[in-house]
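Provided herewith is a single structure, encoded as structure tokens, for subsequent inquiry.
Note that the chains take the letters A, B and C in the order they are written out, and that residue 1 is the start of every chain.
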Amino acid sequence: MSETRTVDRDASATNAAELPAGAPDRRQLPTRRRSAAWVGFLRRAATLIVPPAFFFVALLLLWQWYAETLGTAGAVTLPPPTRVWSVLVAQRDILWFHTQVTLQETLVGFAAALAAGLICGTLIDFSPWLRRALYPLLVTSQTIPIITLAPLLVLWFGFELLSKTLVVLLVCFFPIVVALADGLRSADPELLKLYRSFGAGRLRAFWSVRLPGALPSLFSGIRIAITYSVVGAIFGEYVGADAGLAVYMKLKQASFNTAGVIAAIIVTAALSIALYGATALVERIALPWYYAQRRTGGASR
Amino acid sequence: MIPSLRRSLVALALLAVLVPQLAGCAAQSTASPPSGNGKLDDVTLALDWTPNTNHTGIYVAMAKGWYAQHGIKLTLLPYSSSVAPETLVATNKADFAISFTESVTSARAAGQPLVSIAAVIQHNTSALISLKGAGLDTVASLNGKRYAGFGAPYEQPVIDQVLSCGGAGNPTFRNITTTLDPVEALKSKQFDFAWVYEGWEVIQAQREGLQVNVFPITDYCIPDYYSPVIISSQSFIASHSDVIKRFLAATSQGYTYAVQHPKDAADLLIKGAPAGTFDDTGLVYASQSYLSPQYQADAKCWGYQLSDKWTAYPQFMYNHQAIQDANGNPIKSPPDYAAAFTNQFLPPCS
Amino acid sequence: MAQPNIPMMPGAGEPASALATPLLDVRDVTMRFAGTNGKPVTALANVSLHVNTGEFVALVGPSGCGKSTLLSILAGLETPTAGAVALRGDPAARRLGRAGYMPQRDLLLPWRTALGNAITGLEARGTPRAEARDRARALFETFGLDGFERSYPFTLSGGMRQRVAFARTVLAARDLLLLDEPFGALDALTRAGLQRWLLDIWGQLGATCLLVTHDVEEALLLADRVYVLTARPGHVRLEQCVPLERPRRPEMLARPELVALKAELLAALVDEVAAAPGGGDA
């Protein structure tokens, strides 16, 4: 696929006067190349989607066959996918209602984690003393089992949005801080030296060079954090909530409706995947240079 | 062949070979008693909660050797929050379990063939409680307040009924599902009322010095029903009726003993439970002295079940769409109330 | 070729005069720092040289002779262990931010367009963005970069990126340009093209330039004067004027006096390379 947009005019032109006046706008590919580009895109999408789709369908068939061999006794341990699907369809309104609640907790908690993570990561970068002081605390905070922490949070802060938000914050905060701190730390020293030679201060160097350069790393941290965020919200709901996917799961569990539980699990997974996808999309939009650079093999050295 | 396609096929082949092997292992029932194991039949009973005074008779019978005398070797399966005891029985992972009328009714409607074989306590001892002095001293005042629930579909209709029976015109409340201990939940002031057992949490609260209002639900237009009960599965009943009879004989002995000797029975419960179960042994004694008379109450013998108690409450549940089928939809026709219980395995009552 | 509307650098257009105060006067600069294994390393020992206003001076030396360290000192990024650097006759003058420093790698920010990169130096000094962009746009025309203002660096070839980096350097500079092997990373063809381009541009800019290179021919082609530095610890071994008139053309290097000069410089260089302690980083 012809996507190279590197233009080398040096060999022919050494100064402005020798550049051809009517140089073609390289953005306009000829039509034949454009349709070839589309075919290439579709083919790439196919190689990405077909193998997991194939595997997925095979797994579903296996599941259906196995569940049917279990018979009625299996209804509560492993209902067949057809049953799960019928519950998903029949209860979609209720499921959507609970999903919205969980989604709200997730997004608010994640936003809080992002804000706190950005502040903390920046502070750690600015002060080596703070880095030494905070890093061990951060690592320790991750070793406390959420299972024991979540009930305490609900006891202290109630069962409203706040306690769930705090659980999500605790879960998401760490990857963001670490990713940002590492991204800031790995700024090119040559580049920083160049900026110093401009007479730029530390603050400007941070804002113009280190922070944008740390964005790819920060986004990796964000992608990791968002994958866990929904699970965190569910944990918080389990401890105390009047609505949300965990409450729905508990209700289904209490009525021995395993198909409903599995349906809720599927919705939870779909929610996590959607959030991950949204993050990847935002990353693509925010860092077009990063992706294009990777795709063309990194023209810059 | 595309490499990724080849990999998928290999993985699929592996799955196809491995899964039936695993299926074969899982299908074996852990409950079939090996006949060659001396003279004792191995049976398992799944507990519904951490050991408490609902289970005293069983611990007494184990300690006194009455199960062994009847040729039974009993193993207790501890409570797990992730698997309901009813599910364990329905899938033959346990032979017996402690359960409740509501759960049995729900499980049967969801297609699990469970049968109640004995009633542990003759009358329902559930109550709604609230802390005194917070303006929640009458049932009517609970209207619109925050309830610490456990995520069961029957909580809504029961509490609505209690509220309207207590004088609330338009019964409504905030139903919050939580894993918190009910007394802890009330103490935290995040919740206003909770559903507890008079024989345990109420005594616990009083021992902690908390002043609580107690509203037994059967005083507020809820039909009386058995809670807890001992259950087994239809398949086990069909194949091991003799074992069940002997099991219940010993268990009945245990509960009868507990009725007559509460303090002694409490001692045996404390000794028999895993170490560290009871922080406050005083609670066990206090609870036992409350509960012991309730095991048998006004019945002729321990464990016998009457059909009206197995009809009125399930009917209430059915009328309020609190019974759901396997797809999660309320069932359209009333369940077979009589098939949910049997007294045939209880020792004969004179 | 239209006269470009770019602000000339201070001192541009004035003839280089040996009697006037040099723009940059380096006296006995010594640089010592702790080496990788703890032993102190002397990178530069008593380096003395000067650059007059409007001059193009080249520094040639073997790898590891401290050329880049010297440039860092001149740019104000580091302070010499001993010796003095006088800017416009004032040894105490603050050098940081006054020179346009161009390192070997273009170091263009991948998330900014070519124009955005060019104005980074001006922005860092606080110049209003609109004014900076105007100045950069004018320069882009001169540099043959017009049409590429909105391109991202990854779409540009190596040679074009160096030109953008050069534009950034020129815009950021106030007194002089310090170029650290700017064409070292490019292929020969591109390098030759850029050298010709630089000759032309320098003619228009009239800037004071100090170029560090390991390529003797490049030094002879571009510079008015050439210094040869010794291996570490570096100091000036040789200073020669380049007897070529401007505007220069590559064919001029074939003249006999240039051939002799080149041989002399190369001999000195080869001598130093042989003496260099295993050849470290510049």
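As a working rule, a contact is a pair of C-beta atoms (placed from the backbone, for glycine too) under 8 Å apart; a residue touches a chain by one contact, two chains touch by 3 or more.
Just so it is clear, the model here is predicted, and its values are computed rather than measured.
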- What's the chain with its C-alpha centre farthest out from chain C? B
- Going by C-alpha centres, which chain is most central here? A
- Between the Cα centroids of chain A and chain C the separation in whole angstrom comes to 45
- Note on the structure: So, in whole Å, the Cα centroid of chain B is separated from that of chain C by 86
- Message: If we count contacts the way the header does, which residues on chain A are in touch with chain C in the complex?
- Response: 5-11, 13-19, 23, 188, 190-191, 193-200, 204, 208-209, 212-213, 215, 287-290, 292-293, 296, 298-301
- Which part of chain C faces chain A closely enough to touch in the complex? 1, 72, 75-77, 96-99, 101, 103, 105-111, 120-121, 123-125, 141-144, 146-147, 152-161, 172, 185, 189-190, 193-194, 196-197, 200-201
- Message: Quick check on the complex: what are the chain A residues that touch chain B?
- Response: 47, 50-51, 54-55, 58-59, 62, 66, 69, 72-77, 79, 83, 86-87, 90-91, 151, 154-156, 158-159, 237-242, 246-247, 250-257, 259-260
- Please give the residue numbers of chain B that touch chain A in the complex, ascending. 2, 4-5, 7-8, 11-12, 15-16, 19, 23, 84, 86-87, 90-92, 106-107, 110-113, 148, 150-153, 174-180, 184-185, 188, 190-191, 324, 326-329
